[in-house]
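The structures come next, written out as structure tokens.
Shared chain: chain A. Partners: chain B in the first complex, chain C in the second.
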Partner chain A sequence: MLAIQTIADGLVLGGLYALSAVGFSLIFGVMGVVNLSHGAIVMIGAYLTWFLWHAGGVDPLLAIPLVMAVLFAAGYAAQRGLIQLAVERSSLLASMLLTFGMALMIRNTLVLVFSPDLRSITPAYAAHPLILGAVVLDPLRVAALAASLVLLGLLAFVLQKTRTGRTIRATAQQELAARLCGVNARHVYGLTFGVAAAFAGASGAILGIVLPFSPPDESLWTLNAFVVVTLGGIGSPSGALLGGLLLGLISTGTSQVIGPSFPNAMMFLILVLMLLLRPSGLLGNAFAGSR
Partner chain B sequence: MRMSRRSLVTMAGGTILAAPALRRAAAQAKTITFGGSVPLSGGAAETGLNVNNGYATAVKFINETFGGVEVAGAKYRLELKLFDDASDPSRAVTLIQRQLDEGVDFFLGSFGSPIVLPTAAITERAEKPMVQAGGGSDQIFTQGFKYVFGFFPRATRQFISTADFMHSLKPALSNYSLIFTNDAFSKTAAQGVINSMKEQGIPLLESYTFPETITDASSVLASIRAKTPDALVCMTHDQDNLLLAKQMIATGTNVNYLFQGLGPQLGSFRETLGAKANGIFFQTYWDERAPLQDKFFGTPARFAAYYKANYTRPIAYHVSAGAACIVTYIEAMQKAGSLDPVKVRDALAGIDISTQYSRIKFTEQGDGDPVIMGPWIGQVVKGQAEVVAPAAAKTAEYTYPTPAWDKRV
Partner chain C sequence: MNRTGWTLIGLVTLALAIALPFMVMPFYVRVGQLILLSSALALSWTLLGGFAGYWSFGHSAFIGLGAFAGGLFETGVLPGTGLWGFAAAILVGAGLSAAAASAVAWPILRLRGIYFAVAMLGVSQVLAELNNNIDAFKGSMGLVLPRLSAFGLRPEAFFYDILLLATVTVFLIALWVKTSRLGHGLLAMREDEDTARMLGVPTERYKVAMFVLSAALTGALGVIYAHSLGYITTSSVYRTDFSLNMIVYNLLGGIGTIAGPFIGSAVMVVLTQVFLGRLLNIHMFVTGALLVLLVLAAPRGLPGLFRRR
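After this line comes the complex of A and B, so read on.
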């Protein structure tokens, strides 16, 4: 029975990892930019949600659309105003340094505004365990998994079925060809960064109800996103979902079978193996970031 | 107003001529400078800010109220020269080395054993004292350092009073499980739990080691639900303990006695858990209602009142400990009758004074005496952090066995 519990816990945790990584994956896949401020954007999402819950009593799950809208706008503006300039005037490496700087600035701004103290979002339904036979589940984590699946499904739909999604994918595959077909690549990059920031914000909202957080946690979520993307493949929600679920299962499985101090070691061992054996990830594609 | 070239030259010349006199005036205002680093940002900042505020409160109060301190017949104002180490040991080491190069003689500690340990090694080599209320790892006190003095007993000795209390509970605890993280403080503190509980004859059912930061404890909690220990002892940090408590509540993982070393003392922790925090046991080193006397502040209550009048940040025991570090230094300087770092170090080694934090007496290795400076037993009662043992400091009665999570409303 402990095995079933472990698998259930792993899937729930994996859903969180997947959602937190999909924005990172999209930017990496479409623009080839390693966004080192990804975790910081996740934290902004967590703090915005905390603020809405704490000051206005807004349920954290209901706050997600608002948080996504705010971060979409901020992400679009940051890409068009900063990152695009760095990429055009210098190199992709410059964009990496720029996003690293952005991460430091966001982290310290959050410390100034919200203090370095721990914050946590605890809605009323947090205290009622979900009992399915012998398996006991944390209702917050189950809600988080459900929200992650819905949002990832929505993103997959947008990318696969809408004109905007097709434009993003076309630009990711062949920027020059897309430009020749009349696509405004700069606008597409802005949209991509905006969508990625919105999903990072949504994952922050969900992480906020599951984990206590403080500004320095941003580096953890950038690192986790990197591992998930390497595992699952770059640029697609399905890759992020697969990578996230695998990481969740590896984490809880290792914790149960080998010991709770080993999930990180196992995670990085698998990261190294993936980079050696299949660098494009399990569901790798032809996007620029995969090549 | 326009200034002519002539008047500008006259003013500049006057300033240059007056400079030696200004320097002399500055030299007459004698100061005692305390150097060091504190984590004002990064992972340790929450408690780092408390320690920093403690240092700052004492210096401000003593300068404002007494105009400074008198050492060997001369009056000195106190000055702090603290920098943000961003919770980064390597950054802290660089900052401390720079201060040593600049001639700072007396150091205050950062927060967290991973930072205190390497910085203490540098001040030790330079033969400059460090008084700190932020590092309890055994490694700080078992390497033969002579110049480092810590307010907390070393980690392996911090659980003695709690184990004794747990042994006294009725109905008796039949066993316990232990959770700790893989870092310098938590590992040694966990060893202290094992040693102390063994002495009290309470058997260990299972121990679980997590990495330095916990992001998920579901599999461990599943194991705890399956094995049902009487008590669960969490020798983990604030953030980890909050996560553990939240996951225990959400999965209905109940034990008769839940101990969390760090976290329940903080208002933010109790506010997050609400009524569910009631019943969680912890250790505390200070309470503003304690019957103690301090040469400068008078009582803990007066210290707390002064702090609250000057800071909006809630008071915590690390604030009190930080302030007591300054008081301890001053008393040692006055006892030594000198500001020579070696003489002050010798005075610190033999000090035995009462402060608003606690009676201060160090062991030969420099950590807090485990009996005199050991922790009290606390429990969250009606949302407040109360002292439930020993009897002399008790502020509330304890509840044991604690009710199941769903009964705490």
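After this line comes the complex of A and C, so read on.
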């Protein structure tokens, strides 16, 4: 029974990991840029949601579309204004430094605006646990998992079936060829970054209702995204979903079996092993950045 | 600039560096320490990152490993032996870092570019987590190291001199590497590894050698840094910002050169410690903004601004 509870908790956490990593994965897959400010964007999402709930009484799950819209615009602007310039003038590796600088700025701003204290979002319906046989589930966590899966499905649909999604995938496969077909590559990169930031923001909203958070957590969420992407495979929602769920299971399993202070060590060990054994991830989607 | 010019600049800088502790207040001796430590670390990083083109994003792994291995050895095996214990600790720290680097070198150096960078980040996180969570390593509770000094020097002047000695040593090693056959092989590798290999450069051996050398020097510097702090925990030596700063200093000063790490760390340390020292609550914001500005405005480092293409 303990095992089943562990698996259930792992899946809920895994859904959050998957959603928080999918934007990181998209940016890496399409542009080859490792976005070290990803976790900071997740935190912006969490704080925006907290602010809307705290000051305006907006339900955190209903706040998600608004947060996504704001972060889409911000992400598009950051890509066109800063990151594209860095990639063109310097190198992909230097863009890691640029995004790290952005992460520091965002983190400092969040501390100044919202204080370094731990915050959490707790709507009124949080207190009634669902009991299914021997497994106890918090309805809020179930809602969080459901929201994560719906959003991942939405992204998969957009990438596979819509015109914009096809353009993004084409640019990821070969920028030059896409441009010859009349695609405005810079605009597509901006869109990709915007979509990634929007999904990071959505995961921040969900993170806020599942766990307490504070600005320095941003580095943890960036590293989580790294591990999820290396586990699952780069550039696709399905890779992020697989990697996220696995990571959630590994994390709760490790703290259950080995000890509560070892999930992080285990996560990074698996990251290194995956890089060595199968750098393209379990699903091995080969977008530009993974070649 | 020709060889005589560089030698002159080097000697004048060295003379000024030796004289510094006698001329300024203790606070500025601390700043001097930090510049020396940063330069030496950045230079050790550049042996692999700048010369061979393998950017490690986790070099603080070796600072932490060296600091704790040396410190635990010194306090456990040779307590109360003063400077001899310190010297032994430096050797143990460097040796263990070198051993750890040779253990992971073969698999990890098969990765290139971003994958190598990320794998090193992972290695440093694994080591930090283990150090923090296994009680025998004293990472979470902390390790108190013996207070050291010699020749009646104040502690900050003593560590300044030790760091100066260490920096000169790393500088001479880097100079030797850069001007030797090895250095030319590394340069060829950085530009195009497959071609270099085809032309007969033993790329595998060269990059492993550089990785181990770089790790050993970083480990030794870790031991010295730990003693200058006096008390270390996991979070004070396994610091991701150390890993990133090593890269920033190199980028700022010009990557792949020997003067670069010195220029970069001097500029950055003076900016962040002296001018921004009073702005603690926006310190991180300004550091981040400087990074963004650096990558956008001076992608080839500060010297690149004054040099034509």
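Please note the rule applied: the second predicted complex is superposed on the first by the 291 of 291 C-alpha atoms of A that agree within 3 Å, B and C clash if a C-alpha of one lies under 4 Å from a C-alpha of the other, contacts with A are read in each partner's own complex, and residues count from 1 in each chain.
The working rule: contacts are C-beta pairs under 8 Å (C-beta built on N, C-alpha and C of every residue); 3 or more make two chains touch, one makes a residue touch a chain.
Keep in mind that what you see is a predicted model, and the values were worked out from it rather than measured.
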| item | value |
| --- | --- |
| Touched partner set for A:110, first chain B, second chain C, both or neither | neither |
| Contacts of A:269 with chain B and chain C, given as first, second, both or neither | second |
| Chain B versus chain C as contact partner of A:261, first or second or both or neither | both |
| Partner chain in contact with A:200 - chain B first, chain C second, else both or neither | neither |
| Touched partner set for A:98, first chain B, second chain C, both or neither | second |
| Partner chain(s) touched by A:34 [first = chain B, second = chain C, both, neither] | second |
| Which of chain B and chain C A:85 touches, first, second, both or neither | second |
| Touched partner set for A:252, first chain B, second chain C, both or neither | first |
| Touched partner set for A:223, first chain B, second chain C, both or neither | second |
| Footprint overlap on chain A, where chain B in one structure and chain C in the other make contact | 107-108, 111, 259, 261, 264 |
| Residue ranges of chain C in contact with chain A within the complex | 55, 57, 107-108, 110-111, 113-115, 117-119, 121-123, 125-126, 129-130, 132-133, 240, 244, 247-248, 251, 281-285, 287-292, 294-296, 299 |
| Chain A to chain C touching residues, read off their complex | 32, 34, 82, 85-86, 89-98, 100-105, 107-109, 111-112, 219, 223, 226, 230, 259, 261-262, 264-265, 268-269, 271-272, 275-276, 279, 289 |
| Sites on chain A touched by chain B in the complex | 2, 5-6, 9, 12-13, 107-108, 111, 115-120, 122, 126-127, 129, 131, 136-141, 211-212, 214-216, 220, 251-252, 255-256, 259-261, 263-264 |
| Chain A partner contacts - residues on chain B that touch it in the complex | 40-43, 45-46, 48-49, 87, 182, 208-211, 213, 215-220, 222-223, 225-226, 238-239, 242-243, 246-247, 249-252, 266, 268-269, 272-274, 276, 313, 405-406 |
